[in-house]
Amino acid sequence: MSVYLLNVGVFICIYAILALTLNVLIGYAGVFTLAHAAFFGIGAYVAAFVAMNLSSSLVVVLVASVLTAGILSVIIALPALRVRDEYFVVVSLAIQILCVTVFSEWKGFTGGLGGIVNIPLPEIFGGTIATPMQFFLLALGCLAVITLIIGLMVRGSFGRSLMAVRDNESAALALGKNVALIKTLAAALSSGLAAVAGVVYAYYLSFINVQTFTLDTSVLVMAMVIIGGTGTMCGPILGAALLTMLPNALSYVSFLPQTEIGSIQQLLYGLAMILMMIFRPGGIVGAGRSKRNRN
Amino acid sequence: MSNCFKGVVASLVLGLVVTAAPAQAEDISIGGIFPLSGPNAIYGEIFQSSLRLAENHIRADGMLDGNLRILYEDSQALPQQAVLAMNKLVSVNSVPFVMSAFTGPSKAIAPIANRTKTVVVNGGGVGPDLAKLGEYFWNVIPLANTEMRSLLPYMVRERGYKKFALIYVDDPLGEGVREVLEEQLPKLGASLVNDYSIPATAQQFGGLAAKIRNDDPDVVFLASYGDQQVQIIKQLRQNGVTALFASYSAFSTPSVQALPEAEGALYATQAIDFEAKDAFTRRFIDDFKAAYGKMPTVYATNYYNAAMIFAMLGKELQVQGKPITGENLLEQRRKTKSFALVGGSVSFDEQGTLIAPIQIMEVDGSGGNVLKIGNP
Amino acid sequence: MVLLQLLINGIQTGTIYALTAIGFALIFGSTRIFHFAHGAIFVIAAYVFKFTFGDLSLHWGIATIAAVSTAVAVGLLVNFLIYVPIQRHEGSYFTIFVASFGVVIVVQNAIAIIFGRGFVAIETPLSNAVEVVSGLLMAPLFGIALVCSVIILISLHLTLTRTHVGIALRALSQNPELVRTFGLSTRRLSTYAFALGSALVVPGAIFTGAVSGLNPTVGLHIMLISLVATIAGGIGSIWGAAWIAFAIGVAENLVLWQMDSQWSEAVAFAFLLAFLIFRPAGLFRLASAR
Amino acid sequence: MSCGSRGVTAAAMTARIPAEASFEAAANVLRISGVSKRFGGIQAIQNITLDLRAGLITSLVGPNGAGKTTLFNTITGHIRPDNGTVLFEGHSLVGRPPWNIARMGIMRTFQDLRLFTHMSVEDNVLAAMEPRSWFWQSGGRQAKNTRRERAAAILNETGLGAKAGVLAGNLSYAEHKFLSLARIMATNARLWLLDEPAAGLDPPSYDLFQGLLRDQVRRGISVCIIEHNLDIITGISDRIAFLDQGRVIAEGAPDEILEDPKLIAIYFGGGPS
């Protein structure tokens, strides 16, 4: 039985990583993006490519994925971050959709809808990670490290700068903050670390295809962050845990029509998002009042 | 901080409770990974209906020493859920044999099957590359390319169609179909004048119609599914495409059969002789009708056959006193020349795909009429 | 000839896009509410029409009225029950957007549960194309759609230029201070904006349902188009939005001439990116300034 | 600067000898020459030429819409002038991004304060202290401690010492004003541009404010203030530049400007805010 729980645990860790990294942008930098799943995907595809063609070493794969995602995000962010607020939401939406198109059309690299199968097991310190327990520990380790990195980051001066930009961009400018640079760094950090989730995912399933990296995933992760609590450290983790297990929980509610489980799940978190925004914009963990001020 | 981690822990415990499900070791358990929720759940129900029948028959005949239990897991027809389910079945219930459906999920779980030496049998997906997923991945359904290899010669030689245009969803199945057309048509002296790939989500085909009209083919070959192919047929006809439609077994779905615009369209499916007189077939058909008040579909039949194949192999192994493991099942299948299944005796090719007769069908508004039955 | 046919199809798609985009542009322009749920209202309107006209087989007039009234009602409800309370405690685009996005998810899945996820088409002989010139086909529906759109656009133009509310709305979308000096309550105006904007989705919804069929997610694509159009057209410029939306519709079809259809959406968004990044003010900024 | 020299009146002599002396001596911190900016149809500022002298408090006075804030925005790079030059300690500012200008040593406050409302008071000050935020700050732990000590000192100076942990958003009006001042004190700016820093302060906090300002000026900070309240202006200004309709129409010592009936007429004609 515990093995199945480990399965769920691995996915919770993966989504927690995504939620935490997305929160860096949404919660701390006040940059609202819908393209997070794209970088999750980039991480996964790069991991698959490296693992199958270059090196089976986990470390190499991790480095490659994180760097690729980080650098790509910088290349995208530099022009994209010239626009703000609603405009950036739409830009990120466009980026997400373009990336999905690339994922499904660049068959040579991504295998399109068919995806990539038989991704080899990761090797680290000479051993391979194979059993669910080992994978769970791997996922948990990654989550812990990322939590640590982000935790330190938001408590340090960079975190202060991010929040300053979030709270009032022009004031931050006037105090000598290079807002564009700060936002770009935040994007690089967020996307780069999101790639780690992609690596774990690709290895764990040893199969990836475009369906996993669509707008739906971006929205799901967004919901995790918002329901858990923007601008907090453990809000996103809690949100990830709750939403990842929601389907399992629902499948035990006997009176629900099984054919509609998927819809009901989405309906529930859609509803949760609305109510949260009306009554508790800070999320479950976050403060009762808003995490953001008028611009 | 602490209270929030309490929250995380609490929710994990919650997960423990809700995800816990009992597993009996003393039974002979096999798995079924089907869409039980989500848009494709209807298929899951069809598969289960005939598997329930198979379970009863196997128990009634005491084919296996031990109580056969089929553990169903929900894939939602999505890769990720399928892998979750596969991991659970393999590592928790340690089943030797899993039945799967749909190309995406099947491809996703195939690596696990080979890694853990667990047999996976597909009775629903027809993507050509399902044949190439390793020795532990079997198909009890002929794949799209097989169907087309008998459909195309008929269309070209006997019906004299020369110019084909292809509209395909750009997924493995669609790709496979295109490859077969590109490879086969020239040999037959026909030509693929143009091929158009569409995303699985597309719904506007007015523009496509314009281009097809411009190509002016004899046949428009479709490689798409369910609602979308209905939309394509409708909109192409509405926009003045008069060419004949053709497809692989995808056209056998009721929605197409009932579609007036599809009248006369050609397609190929696996031929199952429901009229066969052997007791095995009759028992299945009679009991199925008795239980569900209608004729079994091809899919229902395939999964009944899949379960029966397991029972037959398992019986053999028990006779030989071998444990029923994936490895032994594979070995035993290779030893077995042919299986007496619903619709007659069939055998596997070396890749583990069923060699079954194919029938050429025509949409006639009343469930399709058979034009020709032949072995590939 | 293909190109001409594609152009005609493009015009058809473009008109539908334009009408929907105007609705969003009107709401976003005059209230600055990032009303992502506009797409959800589109879906609701379409299904209501399909249900009343197709399933209950009522007269198309009644069905249209039903669709319009539902669309308006939902639009206003979303505004009063969600946006107004949120704006009361704080007004950042972020909170509004998330809530609005929540509405989209809820509606999409509610419809999926009620009507199923599959395609449903509004059956009508009018969507069967007839050959007008040799090799050039047009569905009667296309003519109807075009005429309706033109009438709607003209009447909208009159409303916005001749009526007190219309002028106020336009003023509001250009600078809110002006309106306060007018002594008009922005709250009341935003009600008008939501009513009018929501009503404008109906024709697009009906034609989409008849031409290409519906499914619960059909609203998303059209919503994205409206966003692109509104922002590329320049916030506050309703006609800018209309033109861009129309152009996207045409472009989407023309790319089919050389490309496979999966690129058409990508093309639209490539445009958007270029716009936002190199001309953030939008194409019709100046046009709207007068 | 002819009007500047005429500005040395007997009254002024007696009023602020040291300041006046330093005025004659002081170098130009900021030299604005021929700066104009037009928005659509409106000429916000036209051909402004103005010098800000080191160690003095210069007030920008004038009716609403005279272009005072626009002038600030042009200096700090939030607005790019159509023409003209702005030199800070000899370096041109035109075309530099605001953050760059700020790092050169020009900091400003805003009429609407623009605090970081969801950060603690201390973090507001620290954020101002760390313009360059890479993922880490140089100097490590002990540099960090010195920053914290300095922040605490500044908060005590501005009377916010007790509120260090409070969210900036939850402060009172006066405290907001002082926090925006504290933020600017935390930077090492040599030129401060304050947009109505004292408006609406009650007498005690006003005295505190004036004390702070004088103290800073004594430490060599040059200040330019936009202010409407004439008492405040007379109270703290060393120099006054009078703007109307985007032009500098007079510049000189406070009493000189404020005794000019013509200017007063314009000022009240323009209506105080």
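A, B, C and D label the chains in the order they appear, each numbered from 1.
Assume a residue touches a chain if its C-beta (ideal position, glycine included) is under 8 Å from a C-beta of that chain, and two chains touch if they have at least 3 such contacts.
Just so it is clear, the model here is predicted, and its values are computed rather than measured.
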* Common touching chains of chain D and chain A -> none
* Structure fact -> Of A-B and B-C, the pair joined by more C-beta contact pairs is A-B
* Quick one: point me to the chain whose Cα centre is farthest from that of chain C. => D
* To do: Name the chain with the Cα centroid closest to the overall protein Cα centroid.
  => A
* **chain C-chain D separation of Cα centroids, rounded to whole Å** => 49
* Centre-of-Cα separation between chain B and chain A, whole angstrom -> 34
* To do: Let me have the rounded angstrom distance from the C-alpha centre of chain B over to the C-alpha centre of chain C, please.
  => 40
* Asked: Once you find the CA centre of chain B and the CA centre of chain D, what distance in Å lies between them?
  -> 76
* For chain B, write out the residues touching at least two other chains, lowest number first. => 39, 170, 199
* Can you list the chain C residues in contact with two or more other chains? -> 262
* Full enumeration of touching chain pairs -> A-B, A-C, A-D, B-C
* Structure fact -> Within the complex, chain C is touched by chain A residues 26, 30, 32, 79-80, 82-83, 85-87, 89-91, 93-95, 97-98, 101, 104-105, 219, 222, 226, 260, 263-264, 266-267, 269-274, 276-278, 281, 289-290, 292-295
* Structure fact -> Within the complex, chain B is touched by chain C residues 1-2, 5-6, 9-10, 12-13, 117-119, 121, 127-129, 131, 135, 137, 139, 211-213, 215, 217-218, 253, 256-257, 260-262
* Asked: Inside the complex, what are the residues of chain A that reach chain B?
  -> 1, 3-5, 7-9, 11-12, 104-105, 107, 112-115, 117-119, 132, 205-207, 209, 211-212, 232-235, 237-238, 241-242, 245, 248-249, 251-252, 258-262, 284-285
* Asked: Which bits of chain B are touching chain A when the two form their complex?
  -> 1, 4-5, 7-8, 11-12, 14-16, 18-21, 23, 36-39, 41-42, 74, 76, 78-80, 83-84, 87-88, 91-92, 103-104, 107-108, 110-112, 115, 129, 133, 169-172, 175, 199-200
* **Contact footprint of chain A on chain C as seen in their complex** => 34, 82, 85-86, 89-99, 101-106, 108-110, 112-113, 224, 227-228, 231, 262-263, 265-266, 269-270, 272-273, 276-277, 280
